[in-house]
Structures are given as structure tokens and as C-alpha cells.
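The following block contains the structure, expressed as C-alpha cells.
Which chain is which? They are A, B, C, D, E, F, G and H, in the order written, and residues in each are numbered from 1.
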Amino acid sequence: MGGGRPYPYRGYLMTWNIYLAGEIHSDWRDKIIDGSAKENLPVVFSSPVTDHAASDNCGPAFLGSDSDGFWKDHKSAKINAIRTRTSIGQADVVVVRFGEHYRQWNAAFDAGYAVAMGKPLVTLHDADLQHALKEVDATALAVASTAQQVVDILNYVINQK
Amino acid sequence: MGGGRPYPYRGYLMTWNIYLAGEIHSDWRDKIIDGSAKENLPVVFSSPVTDHAASDNCGPAFLGSDSDGFWKDHKSAKINAIRTRTSIGQADVVVVRFGEHYRQWNAAFDAGYAVAMGKPLVTLHDADLQHALKEVDATALAVASTAQQVVDILNYVINQK
Amino acid sequence: MGGGRPYPYRGYLMTWNIYLAGEIHSDWRDKIIDGSAKENLPVVFSSPVTDHAASDNCGPAFLGSDSDGFWKDHKSAKINAIRTRTSIGQADVVVVRFGEHYRQWNAAFDAGYAVAMGKPLVTLHDADLQHALKEVDATALAVASTAQQVVDILNYVINQK
Amino acid sequence: MGGGRPYPYRGYLMTWNIYLAGEIHSDWRDKIIDGSAKENLPVVFSSPVTDHAASDNCGPAFLGSDSDGFWKDHKSAKINAIRTRTSIGQADVVVVRFGEHYRQWNAAFDAGYAVAMGKPLVTLHDADLQHALKEVDATALAVASTAQQVVDILNYVINQK
Amino acid sequence: MGGGRPYPYRGYLMTWNIYLAGEIHSDWRDKIIDGSAKENLPVVFSSPVTDHAASDNCGPAFLGSDSDGFWKDHKSAKINAIRTRTSIGQADVVVVRFGEHYRQWNAAFDAGYAVAMGKPLVTLHDADLQHALKEVDATALAVASTAQQVVDILNYVINQK
Amino acid sequence: MGGGRPYPYRGYLMTWNIYLAGEIHSDWRDKIIDGSAKENLPVVFSSPVTDHAASDNCGPAFLGSDSDGFWKDHKSAKINAIRTRTSIGQADVVVVRFGEHYRQWNAAFDAGYAVAMGKPLVTLHDADLQHALKEVDATALAVASTAQQVVDILNYVINQK
Amino acid sequence: MGGGRPYPYRGYLMTWNIYLAGEIHSDWRDKIIDGSAKENLPVVFSSPVTDHAASDNCGPAFLGSDSDGFWKDHKSAKINAIRTRTSIGQADVVVVRFGEHYRQWNAAFDAGYAVAMGKPLVTLHDADLQHALKEVDATALAVASTAQQVVDILNYVINQK
Amino acid sequence: MGGGRPYPYRGYLMTWNIYLAGEIHSDWRDKIIDGSAKENLPVVFSSPVTDHAASDNCGPAFLGSDSDGFWKDHKSAKINAIRTRTSIGQADVVVVRFGEHYRQWNAAFDAGYAVAMGKPLVTLHDADLQHALKEVDATALAVASTAQQVVDILNYVINQK
């Protein structure tokens, strides 16, 4: 099934939906998107809302403020879930990035949610988080430490190269 | 993942299917459709048949009349279910509007049906219905009181703004 | 497969779980339970919490009070959902009673939730609610107007008599 | 459906399976188990392996050692998953405890996995973790801060008191 | 894993639920039940209501009469479905008997329903119905022509003999 | 949501997949296709192979002959199932036609299979088959007696007219 | 949650169903059963029919002989599938043994079937089959090389020791 | 529903996704693709990575080398699973080829995985593998011995000829 054959062949036709979950304070998403564009991969990306302030404030911004911080958070988190659940549900591959900072429990939650839905999971994190992430990594089909590795894997699973 | 990047990015590609269930005697659907058009949202809407008389009479109109009102209603309700079940099944988000008038048990039924299928639910109703709708609202990812709030939420979850 | 045969036969062995949803201000549940006991039916019943005050107050009672009524309702409704969702999930048959009073949107929500899970639904209501309930009734496998009819149907589907 | 009635009634018959996920370095599980025993609740509990050293070492202990720490962790995490997945799959309610220490990504992963399987989730954590856990809490049916609250909620949803 | 070993072994513990669908005007069910009893098989059987008149009349008998025969049939068929759907849903094996008489579309419907739910299907019919039943037989795991063959197969798959 | 509005509205965008199962010896499919074309409905149709001889012979024609008629039928029926299962799985609505001739157990099987998959079912048959089809009709969302009624119902559920 | 506590605790109550698939020409099943009995594990075991001749001949033995070997095999394989599918469906853990001899494609098929159903998979094979089994092992939660390792793992995941 | 009719008809519109699993050391895929192109079939094909060396080495190539061959295989097999699971999940028909050489347990695993997901399975192998593949063939909707037979079957199920 070599390159350039004029036969109908789905590897060239299917567009892969990649959901990029997790850390929002570094440029790892841009690296994966740039790397994929450079390889001309037939992929589209989705992500949670990556604007931290908007993500925190969407509840009171759209539905009115609350005196209690818990409910402000609650309203915002639920609105954000409309986006994240829909995106995970439509994803072909879910990539979850864990960084050094913050607790990122939502990233681990999304990983568990994705795995239970049968989505192929790729984790992306530095080696020193290995032990803390062992249960999550044990459910992943690839454990990457750089964005370029994710691009390489996508290129390989899509284009066989 | 800023605006205007030429990279493939699904947030700009996916068309969201929004099902608008519930009250058929006010113009809340038009407000959401108009508001979404104004924001140029990549959404398509579906709804139950909103012509009350047609909805009540479709059974006898297409399949013959019955002397017993129960069976007239039964036939009509089942034909309408072809539309509503199919539409809910294909929806990405289900919005259910509860108004002051009528019992609207079908609206609550649709909400329960949608939630059991894993669809994100948004409810839309006035504050004075809050207590009566507490079980339904407890399953919703957003509880709105105006059509514009629904538009704002759709804009945010789709466009991150 | 006549009565009294000593062969192993499941009709006599299976215990049916019946969930009784809906109206909590009349004695319809007791009538069904009494009637079933009289027929010695192999059934067990479950229901939502039927103590109205307890149901409304469980949120603040167990998890602390809120100044905002919406969140009080929200907390209570979610705690009640632990019971109702679990019970519906384990039910073999779901009976939903609609009465004259209150809006009972939670009853209709439970009916929709049960139907989407593939549970056989029996509705119980007076004839004058027929038109308002036509969409719900259209999904039911039986539409009863008295508690005794529900007992008769259970007796028949379980014992073939 | 009062107490002590001799009728068949499932609330008294069903045994609830409660899975206790998360933190393993405090006695919160014992408090819930003790509290439930005091109330004579018809519950059985399951949990991950709570012996930290055993949990870390089960891979090499049973299947041979590895020079690379990643694979030691990998083998152990997978063996532990046999227990955790099976237990979550059979649970009626999943309680997840988040403590102050460690990253506890596996607790958040289990929460996501449980929610995607439709399990009612109860979270248990101190108030100061509220913001970090907002996405997880938004999917929970109850957010408790003490073990006794969990016992109270179980007592209520099971026994209506 | 020979006979009589004192080890825990599930083949001896599990009770198989066998649903016997289809023809109600011959004694094939009794033959399978008698044959299974003779072999002391750990099976329980369920079936649709096999009293033809009761099956036809249950709708008007319990829920009131209708002037239109269609609705009389409709009500009865739905009540019977409470029994048949529940029983198929709990069955480990579904046996469907097709006889010479009547159209028996409900038997074929039950077969399709069972196969779509992943239930192992055994058909039972004379050789001269082979061509007419080829699509149904093609989905069956065994096509038997006598009740004794069904007993033999149950004995073999349960007891390995 | 009146006709001709320029807003994005899914009723006009979605193409409905209609599977036409059952009788292959009359022109009912052509009538539905012609009628739908006349109304310019946004529908595509699929069906089993409707060439009776080809349907019976596809097994030996492609995979070699068998001396035993049972296996000839078996091979053919399984090949045909590749088409019918795939088509039912992708259908939005399943229409099943029952005629006077032949036993048509495959039509009833397809109906059962479709209902178990949650597909809206429409049956099409003459009034004198009503009693024999009562169990199948009881699961249908519409029971039509003419092809034009099916077209009318499709037009209504798609176009609200 | 230490040993011997009188509290209700499910680890001691649940009986685990273990399906032992694969090689039938060595005594690995007996070793696992004996080892589990020695540890008094709360497990029950199931397996395919392990009598090779019976397994091959059950089709013609029960349903009549065929001149064509393909159909003899076909009938036997389908009857055996009644047992294997049912057992896998009810298993909590699936152990698949691959030996040196025969192709054992059915063992690998069962592994794929079990994984797709979400069952925890344990593989058991010698080290020299590692490369040939890499895709199967990659889906397993444990890769054992001796029966005792399987017993140890069961003991650990059940009893935490 | 003859050829050339201008009506909307899905047989002509749907593109079928065919996954070609199994043997990678002969040209059977090219034969099916060429044969399908000759018939102008509306099909797209997908497959596992068919470059044996790339398939074996993708793990260390992208994610770093391991001293232990087991983990090298493990990493590679998991990356390949991203492609194979996704492709099987989107396939309409899964064709699995078994050849004379190698053990091909991954081919049998893929067959089991596909069948459990409800995918129509076609096997392709020489007659002398019939007995070894009886369990796999028993789950297939067609058992072919040449690539041209697969093309013929696709042509028939898609184009009714």
C-alpha cells in the first residue's frame, strides 16, 4: 500500500481529531500544532478553554455572581465541561500534558474519563513525574516527554512513517 | 492557540448541533437563533415540531382518525418521537426551556432522556421555577434565565470568548 | 408450563425490582405494596425519599447551609439523585405516578431517564391528565389509572395470571 | 413506606457497594467504615490496595524486577488496575478522598473513570482544595469535608433518614 | 478440571437462565424442561405468557376495553413486552422455536432483539422451514430440530459432557 | 422557526438515512422513493439486496457450492447480513414492510434487531395482518398501511409539514 | 482496613469469576485451581470445554454429521461459543494461556474479545513467545510466565497480600 | 431500485470503510485494492502499519530505547494500537488475512476485538488452515480463500451485483 497510489485508501482521507488536555501555562499545544502543520498532517485539534481567567470566570460572567466561591467555581467548571466532554467524546486521540506546577487534577480526571470511553491516551510529561503518574501512564498507549515525540507518533500512526 | 492561526484547528471546523426542546408558545428559539447568527456561530439547530396544532393532529392526519382521544394522542406522540429522538441522539448540546404555562412534562421527559444519553444539558427558565425544577437543574451543566445567556455560553464553549 | 411443576423454572425464582417514582403526597405506593403482598408477588420496591421536608433539606442538613436558595436546592437534589439513579439503574420495571398537584417535573425527568436506559415504564395517572402526558404515555408499556391495575399487571407479567 | 413494614421493600434488602478511592495515608476509610457499622448500614466497602509499599512493589514482587524504574512502576500500576477497575465497575457509589499531600493523580483519574461509567461520585476534601478540585467537584453528587458527612449521606440515601 | 473435584469451579455454581421463545401450541417447552430436569441441569427457564387467550386479552382485562381491535392488540402486546423484554434481558441463552402454524413474527422479532443484545441464540424448527429461516439461522449458534438436541447442547455447554 | 429563514437550522441540513426492510416482491420501495423525490425530501435510502435469486445464490456464487442446501442458505444469508447489519446500523429510521406472501421472518428479525439498537421503527402492512403483527407494531413509532403514509410521515418529521 | 475486622467489607465477600482460556494440553488450569485452593481464595473458575475430542465433535454429535469438514468444524465451533462467550461475559478476570504447540488462534481471539468487552486480561506464556505475543501482551494488565504467578496476583488483588 | 435512477439512494452515496488486518508479507491487500478500483467501488481502506521493521521499532525510535526486549516490544505494540484500534473502530467491515507463516496472534486478536465491537468480519485464508481457524471462522460473515472473492463480496453487498 505504497505512497502515491491512486487507489482509494483511507489513511490519506481520514482527518484525525486530537484533543489536547492539561497544562495551560506553557506552549506545548503550539509546538504540537506547529509540528503537525510542518508535516502536513491531516489532523484537527481541540482543547479546553486555555485562557485561565476566562475559564475561572465564565460562570459569574454569563450566569451571575455568587457570594460563595465554591458556587462560582462550580458554575464555571460546569460550563467548561460542555466544551471538554463534547471534545473528548469526538476525539480520536487524547493527549494529556502534566506540568510541574499546580495540582492539575482536572487533567488526570480527563485522562480517566477518556480511557473509560475507550479513547487512545497519550501522556506528555517530564521524567521526574513518572512515579506520581504511574497509574495514569499505565493506561496510556504512549508516554512522551516532548511535544515533538507526540508529533512523530501522530505522523507514524497516520502516515506509516 | 490564538485567533487567526492558519493551522488546522477543530474549534473552527466543527459544527455544533443544538437541540432546542420545551416551550413552543414564546419566541425563545428565535432569540437563540438570531443571537447565534449575530455571533456567526458554527451551529445548526433542531427542535421538536413547534406548530402546536400540527403536533397534536399528525397522528389522525396521516394514519386515520380514532374515536378515542387517548389513541389520537398516542399516535401523534409517537410520530413526533421519530423526530425528537433522532434529533436528541444527534445533538451535541440539548437546551430545554420551561415556561410558566402548561405542565410541559414532555420537556422534562426530554431532559431526562438526554441526560441518560450523556448529552450536555442547558436549562432555560425564570427564577421562580427554581424550586420546582431543582432535580432537572441539578443535572444541567448550565441553568440560564435568558436566551442571550444561552448564546453567550455557546459562544464561549465554541469560540473561547 | 403449568402451575406447581417441580421443575426449575425461573418465573418462580426471579425477584422483580420495581421502582415507584413520582407523586409523594398520596398513598399510591402503599396500595401497590399492599396489593402485591396480598398476591404474594416476588417483588421488592424502591422509591425516592418520600419525606418531602427531608428531601428538600438534605443538602444543608448534611453539607452545610447556603444563603442562596438555588444552591440549597441544588445540593439537596444531587444527594437525592444518588438514591434515584442507583434505584432506577437496578429496577426491572419503573412505575411513575403523576398526580393533580405540583408540576412534578422530576417525575417526568425520571421517566425519560428510565426509558433511555431501556427500562419498561408503567405510568399511573387519572384520565384527565391524558393529553398533557401523551408524550410520556407514548413511551410506556402500560398506562394505568389505579394502583390495583399496576398490581394486576405485575401479577400477570410475573405469574401469567 | 414506613419503617418496620413486613412488606417486601428493597431499601432493606439491597446491599450497597461503596468504593473508597484516593488518599491512603490517613484513617478516613476506617472512619467511614466505623460510622457505617454504628448505623448498621447494609453496605460493603472496597478500596485500592492501601499498603503503599505493597502497591509500589507488586510488579517486581510477582513478575520479576526491572532495571528501569519506569517499567517497575508500570508493572505495579497495571496489577493494581486489576483490582481498582473491577471494584469501580461493581460499585454503586464511588467516594474519592483528596488530601493535602502528594499529587494524587490516580485519585482524580479514578474519579474521571467512575463518572464516565455513570457511577455516582462523592468527593471528600478540605475546603482549601476547593478551587483546585472544581472540575472534579462539578461532576460529584456530593462534596463532603468530613467522613461523618459521607456516612450521613449514605444513611440518608439508603434509609431515608 | 475433572468431575468431582472439591475446588471452587464455576461450572457447578452458575445457574443458567434460558429463555424459551416462540411457538406456544405444542409441548416443546415441557420437553426441554423435563429433559433438563432428568439431567439435573443447573438451569432456570423463562418464557412469554403461553396462555394464548390470556396473552391476547390482557390489555382490555387490566386496562379497559377498546372498540378498535388494533388498540386492544396494542395494549396487550405492550403488557406482554414487560415480561418478554425483561426475560430476554436476563437470559444467558435464548431458544426460539418456529412451528408450522401461524406466522410467528413475534418469535422472529424476539430472535432479532436477542441477537442485537448479544445473547447466544439457539433456533429449533423442522428441516422444511430451513430456507424460510435462513437469515435467522445464520445468526444462531445452534440450529436444532428436536427438543432433546437443545437439552444435549445445554448439558454439553454447561457440564462439558 | 418558520420556512425560508436564512439562519443555520439543521432541519434543512441533515440528510436522513432510511432503511427499507422486508417484502421484495412488490414496488413499495419505489413508491416511497418516488414520493420522497416528489417532495424533495433530504433522504437517502438503503435496503437489503432486493434481487431474490441473487440474494439466495450469493453464497455459492462467490464462495463455492455445497451439496447441502442448509449450508448454501447459510453462506448466502451471512453475506447478505454484511449489507443489512451495516445499513440498519447507519439508519435514522427503519421501515419494515410485511406483505401477504411468504413468511418473512427475516423482516421481523430485522425489526427486532433495529428496535434493540434504538432505531425508530415504522411498519407498513395491510390491516388484515394487524393481529399477527401486534407485537411488532407495539414497538413501532408508526404503523402505516400505504407507502404514501410513510412519505407523509417522513415529510412531517423532517420538514414540520 | 486491616484483616479480621468485623465490619462489612467487600473484599472478603465478593467471589471473583476467573475465566481460564487457551491451551488445553497441559495442566496449567489445575495448577492455578490448586494454588488458589491452597490460599483459600474466594474465586470460581470457568473455562472452555477442555476435552479436545468432545470440543471438535460436539457439532455432529448433537446436530448430525456433515460430509464437508468445514461445516463439521463450523457447527462445533458455534456450540462451543455458547459456553465461551457466556463465560467471558461473566468473568471478572480473563487469563489466557499460550503454549508452544498449535496455532491457538482461538486463544488470541478470546483475548481480543475480552479486551474489547473491558475485561482485565492476564496472559500466561513462556518468555520465548514474547515477540510473537507483543500485541496481545500490550493489552494485558499482567504478563505471567508461571501458574503460580497468576495465583500470587489473584491473591494480591483480592486480599491485598 | 434499479441502476441509474436519479432518486436519492444511499447505496450510491455511502463510502464503506474496510479494514484489512493480518498478514503483512504478501500482496493480498494490493489485490483487494486493485480489484476494488477496477470495479470502481466506493470504498476506502485502512490497515495496520505494514512495514514490519517500522512496526517493530516504532517504540524505541520515537520514545527511546530499552535494554529489555520485552519493553521495546511493549512500547511498539502500544503505539501501533493507536492506529489499529482507531481504524477498527471506524471500519464498516473488517477483513482478516491468515497466512501460512508466523503465528499471527495479533490477527486473531484483532478479529476477536472487531467481533466484540459488532463489526462484520470476513476471514481470508487457505483451506488447509480451516480446522485451526474454526472458532474464528465461526464468527465471520464470510470465509474467503482468495482476494478476488473478497472483492466480489464487497461489490455484491455494496452494489447488489
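Here is the rule we go by: a residue touches a chain if its C-beta (ideal position, glycine included) is under 8 Å from a C-beta of that chain, and two chains touch if they have at least 3 such contacts.
Being a predicted model, the structure only gives us computed values, none of them experimental.
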item: Interface copy of A-C among A-B, D-G or B-E, judged by whether over half of the contact pairs recur; value: B-E
item: Equivalent interface positions on chain E and chain G, same or different at half; value: different
item: For chain G paired with chain H, centre-to-centre distance based on mean C-alpha positions, whole Å; value: 26
item: Chain centre separation (chain C, chain F; CA means) in Å; value: 36
item: Interchain centroid distance [CA atoms averaged], chain A/chain E, Å; value: 48
item: Chain centre separation in whole Å, for chain G relative to chain F (CA means); value: 41
item: Residues of chain C whose C-beta touches two or more other chains; value: 78, 80-81, 143
item: Touching residues on chain B, where the partner in the complex is chain E; value: 66-68, 71
item: Contact footprint of chain C on chain E as seen in their complex; value: 17, 29-30, 33-34, 36-37, 41-47, 49-51, 54, 58, 61-63, 75, 78-83, 85-87, 89-90
item: Residues of chain B touching chain C in the complex; value: 69-70, 73-74, 76-78, 80-81, 98, 102-117, 130-139, 143
item: Complex contact set, residues of chain F against chain B; value: 1, 5-11, 13-14, 16, 92-93, 118, 120, 122, 140-144, 149, 152-153, 156-158, 160-161
